[in-house]
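First the structure, in the form of structure tokens, and then the observations on it.
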Amino acid sequence: MVVILKEQYNQAQLDNLVDWLKSMEIEIHFSEGMKHTILGLVGDTSSVDIDLIKALDIVEEVKRIQEPYKNANRKFHPADTEVVIDSAQGISIGNGSFQLIAGPCSVESEEQICAVAESVKKSGATILRGGAFKPRTSPYAFQGLRGDGIRLLLEAKKLTGMPIVSEIMDISQLSLFADVDVIQVGARNMQNFELLKELGHSRKPILLKRGLANTLQELLMSAEYIMAGGNDNVILCERGIRTFETYTRNTLDISAIPALKAMTHLPVIIDPSHATGISRMVMPMSLAATAAGADGLIIEVHNDPAHALCDGPQSLTPEGFAEVADAVRNILPYSHGRMAK
Amino acid sequence: MVVILKEQYNQAQLDNLVDWLKSMEIEIHFSEGMKHTILGLVGDTSSVDIDLIKALDIVEEVKRIQEPYKNANRKFHPADTEVVIDSAQGISIGNGSFQLIAGPCSVESEEQICAVAESVKKSGATILRGGAFKPRTSPYAFQGLRGDGIRLLLEAKKLTGMPIVSEIMDISQLSLFADVDVIQVGARNMQNFELLKELGHSRKPILLKRGLANTLQELLMSAEYIMAGGNDNVILCERGIRTFETYTRNTLDISAIPALKAMTHLPVIIDPSHATGISRMVMPMSLAATAAGADGLIIEVHNDPAHALCDGPQSLTPEGFAEVADAVRNILPYSHGRMAK
Amino acid sequence: MVVILKEQYNQAQLDNLVDWLKSMEIEIHFSEGMKHTILGLVGDTSSVDIDLIKALDIVEEVKRIQEPYKNANRKFHPADTEVVIDSAQGISIGNGSFQLIAGPCSVESEEQICAVAESVKKSGATILRGGAFKPRTSPYAFQGLRGDGIRLLLEAKKLTGMPIVSEIMDISQLSLFADVDVIQVGARNMQNFELLKELGHSRKPILLKRGLANTLQELLMSAEYIMAGGNDNVILCERGIRTFETYTRNTLDISAIPALKAMTHLPVIIDPSHATGISRMVMPMSLAATAAGADGLIIEVHNDPAHALCDGPQSLTPEGFAEVADAVRNILPYSHGRMAK
Amino acid sequence: MVVILKEQYNQAQLDNLVDWLKSMEIEIHFSEGMKHTILGLVGDTSSVDIDLIKALDIVEEVKRIQEPYKNANRKFHPADTEVVIDSAQGISIGNGSFQLIAGPCSVESEEQICAVAESVKKSGATILRGGAFKPRTSPYAFQGLRGDGIRLLLEAKKLTGMPIVSEIMDISQLSLFADVDVIQVGARNMQNFELLKELGHSRKPILLKRGLANTLQELLMSAEYIMAGGNDNVILCERGIRTFETYTRNTLDISAIPALKAMTHLPVIIDPSHATGISRMVMPMSLAATAAGADGLIIEVHNDPAHALCDGPQSLTPEGFAEVADAVRNILPYSHGRMAK
């Protein structure tokens, strides 16, 4: 971290700052320029609050050189992390392992979730997704089957052998997720820090979605909350960010893939269904994500389009999903291994 | 709600839609245009998911006429809500009652919180703020004194008689807030729906902060979550939104005040400290907020600038706060009562 | 266009509105609902200003059903447009024709532009780009070689036979572009309407870049300005939009490709260099754009990395460009033809 | 400017950089830290392109300490600039002089513009605004009376004695503005650099509007383009920025007033009409802007609400404007002089 002092500064305040930094075991290297004195801070500055230093009267500017994330930082862990989902079946994500995750937006019935599970498995999906707890903008909208939804997902898992991923919305729901293979933290909870801390004490894989208006560094800081608790099994997921564009529901940030690949060793998957909100855009965005080096895709699939009033416009039919899976498989060999880190 | 069908549509799918709408006790009024058939939906459409209807193959466009919030909607409750904070002392917010809320970013010690409380009370603050649970982007940053912080706030309340407001971050902390007068939901938790539902079962005043990238309608939908549970004591707070501007930490949306006053009957207060992140901007933005019709201000004040390394650059000294309080009092008579609803 | 009247409305004002609409040859279809009267407007509503109607006291809401762009609208021109760049050489963009456009950010010298042109041609680029007029945020930054830059580009064209594309910044520069094959309108001039009108009188291909904070509909409205003048040779270019992310310079909106393909018949190309601002991200984003169905790529290439202080961090070396060109060629057969319109 | 080198760097490339910086008469101060070498650049770094330096392989980070604007910078010109609009009548903006600018969105007829001019003058407006050249998103929308509109404005000026302000859209229109007192550059032309350069050769006051997605520093860089040409008569105008909020047309950034007052000596005015797009919000936002220290307001007023179909929903009636003018006058003494620089 580099701190640039104002041209005129109060020596007592500088002494104050120096004492405080030393108390955090930061070494300070002074450099007197023509106009400005520059302080180079050496040591573990990840716990130094850059805003607090900026706030001081004597400080002109502060510039962080080291990233504030450690466990998630590729600089300190150059090798790709591979998160194991099901070791018996050899299903993992990252470090060259690519997985297709598919399933309905909401779990509605045993019949529905089992039918979708069997069909997407046939097309090549290896992990089943399904929402039991649904974060909805309106308190009057369907909030999911909750505990019952988890139970139905476990039935589908028993039937098909597919590991399952579902979203948690509050710490109090954690006990229900004992047999869920991957716990998803939704975009709106990306900075629910108490929840992240709790998940840090688990050893389950966590699928962490980027918030709608969050930077990649903020996403990594949230991953860091989980990893700081000892849980390194974090899968990052880009699912669209809020922009001024209204044609799509959100804007899928495909460049997040190579950017995150450079910043971190954690695997990165893409959710083209929620990002676009339009089923016919799932194909091109799945291909784009694969070509850009994603470690997996999480795609919404419903089973009965004629009656599926509760499935969003972003859901594919099983046939549509099969086409996407085929196309992704074709393009995969031409994309991987080309990406610079 | 108005649903515009595509030029060519499948009659079976339309029947399907009509049945589903009727099952929700929505009446449907058909209108055959030259090219498009239009469906006017009459009844309580607040629980109809607009995205689901948009998703249907037969639908060209959907337009909501009624707002999706009911309890918070001024149309159904034309009179201003006045949230009572302390009936014995006659402290309330809204419907013409304006309050200054002041205190430190973080509670640090009994000495600190009591000193700040006494000084801001002298200058005209009527409610004490102080953070015990601190949402921090980094897991390595100070996370607040937590339970001890709440205890110290209660000491300051006992000393000064000031009601207190502090932020909750998780449902599990709720029991600690039994004697806290106003529970704050922070910007990052504005869409922590499980927490909002739980607070709906309380009868305490809730200070609900707008999320950094949320619309006013989304803010009102979150208020609706609380009100749907039976708790009408919601105070809305604008605290800056994320924009491309980097000079200020966030951009304080002053126009949210008259906009919310038209949309809802709930009181609206402004947080100029967090919004700007710059102490010298607290004065002009406090005056602007007051002139635009805010029902109160929540302002950060620290007690000892020389050592206050943990106070952000946005904090005023007690003297600075006294000046702001004076200026706000002067401008107040010239602003209120002029605003169109 | 559907106009929803307020529950109570003034009949005289409605008559006023009806007269005005009829004067524009719009037919009006009335539909009396339970609470709201709905007006369906039939005819060419592209010249009806939606904001003006919204402004009327008697109007609750207005919803456009038809898009406000006509010439650019795929509904009225279902077949893909193919913009011919050089008919003798058979170089065109769109309708299945994919082109690589490459060259330096700024034209610096005859030696430089000719060397880059020869090397990128060898790797498969078919069109040469080079900036002569440079829009710079700072008046103190290098503003380009201007007329001399155009002259040097024409030298490189003569040498290599490659058609050239360069950016215009003002109508007054138009005469210098007589022998330039494709005129580029930069992101900051996307809504320079006087310039767009002037280019509508030309018959040259126009490469129109999307503004940094503009929607796709606004981009198409700017294309419409050019096409309304009679020039249908418009190539759309996505070059990154402004978001809160700071890792990349802008955020490349890959989903703009399938979105625009559905909205319009015009070709769509991608500029991964400016969008990311990082040379090592050009490869993954080029592959992603190709996989998503782009009709071409425009890529920055400089010739002498050791001395190229004036080439941005987004520029590839000729060798780097050759690798990208190869990878794009490999992936192209697996992406095209799969996109839904 | 501070340049932080990577831990390992190529000495030849560093020498290259040093030579280039010295060629621009920048002095370089080296400081060897534990891990990083830091270069402090001393001299006029406003012409050093920060992006170019960031692009170098050997550079980890670059931090500008000095702002890139000089003529507009308050550091170098501490005293407020007062832009004289009409010296005979003593009408100026800035340095304590506050003006109300009012008039219709578009000039429509001599009768209209003269009637509005007389009525707003009576209420205290001192400068008349009126659009002759109208930037419209759609080529099919009314584009203004153009040259005839300017002629009608000059008629109203002759009648009332009010100086006039109108928007220019292209250099080619400049001769028509010979008798216009203040030339407005619209938000969409804020970075039309060729136009800005041309206006730098004029000595007329320029009213420069902030772009919809531009930062305050970018606004000042555009002012710098005008000032670099020798024209210091620049009035800055905040007119709303693009955010995710849809209730208002744009979001009026009131905090831009104290921010700009700290950054620059130029006067700052506010346009509450375009920013909100809603006439009943003009009053509260005018009061807020005045309270926050604006040097003036530019407000849309139309004359005949019953027939004014072409006036946007943001326009006040003359009576509405009179009320706003009164309220602003009342609040003005309580706001000015309190703002920290």
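As written, the chain order gives the labels A, B, C and D, with residue 1 at the start of each chain.
We take it that contacts are C-beta pairs under 8 Å (C-beta built on N, C-alpha and C of every residue); 3 or more make two chains touch, one makes a residue touch a chain.
From a predicted model like this one, the values you see are computed outputs, not experimental measurements.
Chemist: Give the fewest steps needed to get from chain A to chain C, where each step moves from one chain to a chain it touches.
Modeler: 1
Chemist: Would you kindly say which chain has the C-alpha centre located farthest from the C-alpha centre of chain B?
Modeler: Most distant chain from chain B: C.
Chemist: Roughly how far is chain B from chain C, centre to centre by C-alpha average, rounded to an integer in Å?
Modeler: Distance between chain centres, rounded to whole Å: 40 Å.
Chemist: Could you work out how far the Cα centre of chain A sits from that of chain B, in whole Å?
Modeler: 27
Chemist: Report the inter-centroid distance (CA atoms only) between chain B and chain D in whole Å.
Modeler: Here the centre of chain D sits 32 Å away from the centre of chain B.
Chemist: Residues of chain D touching 2+ other chains?
Modeler: 213, 242, 244
Chemist: If you look only at chain D, which of its residues touch chain A in the complex?
Modeler: Touching chain A: residues 2, 4, 27, 29, 31, 33-36, 38, 40, 42, 60-61, 63, 65, 213, 242, 244 of chain D.
Chemist: Provide the residue numbers of chain A that touch chain B in the complex, in ascending order.
Modeler: 12-13, 16-17, 20, 46-47, 49, 51-52, 54-56, 68, 135-142, 169-173, 188-189, 191-197, 212-213, 218, 221, 224-225, 228, 242, 277, 306-307, 309-315
Chemist: Residue numbers of chain D touching chain B in their complex, please.
Modeler: Spelled out, the residues of chain D in touch with chain B are 213-217, 241, 243-248, 251-259, 262-263, 275-276, 280-281, 283-285, 287-293, 327, 330-331, 334-335, 338-340.
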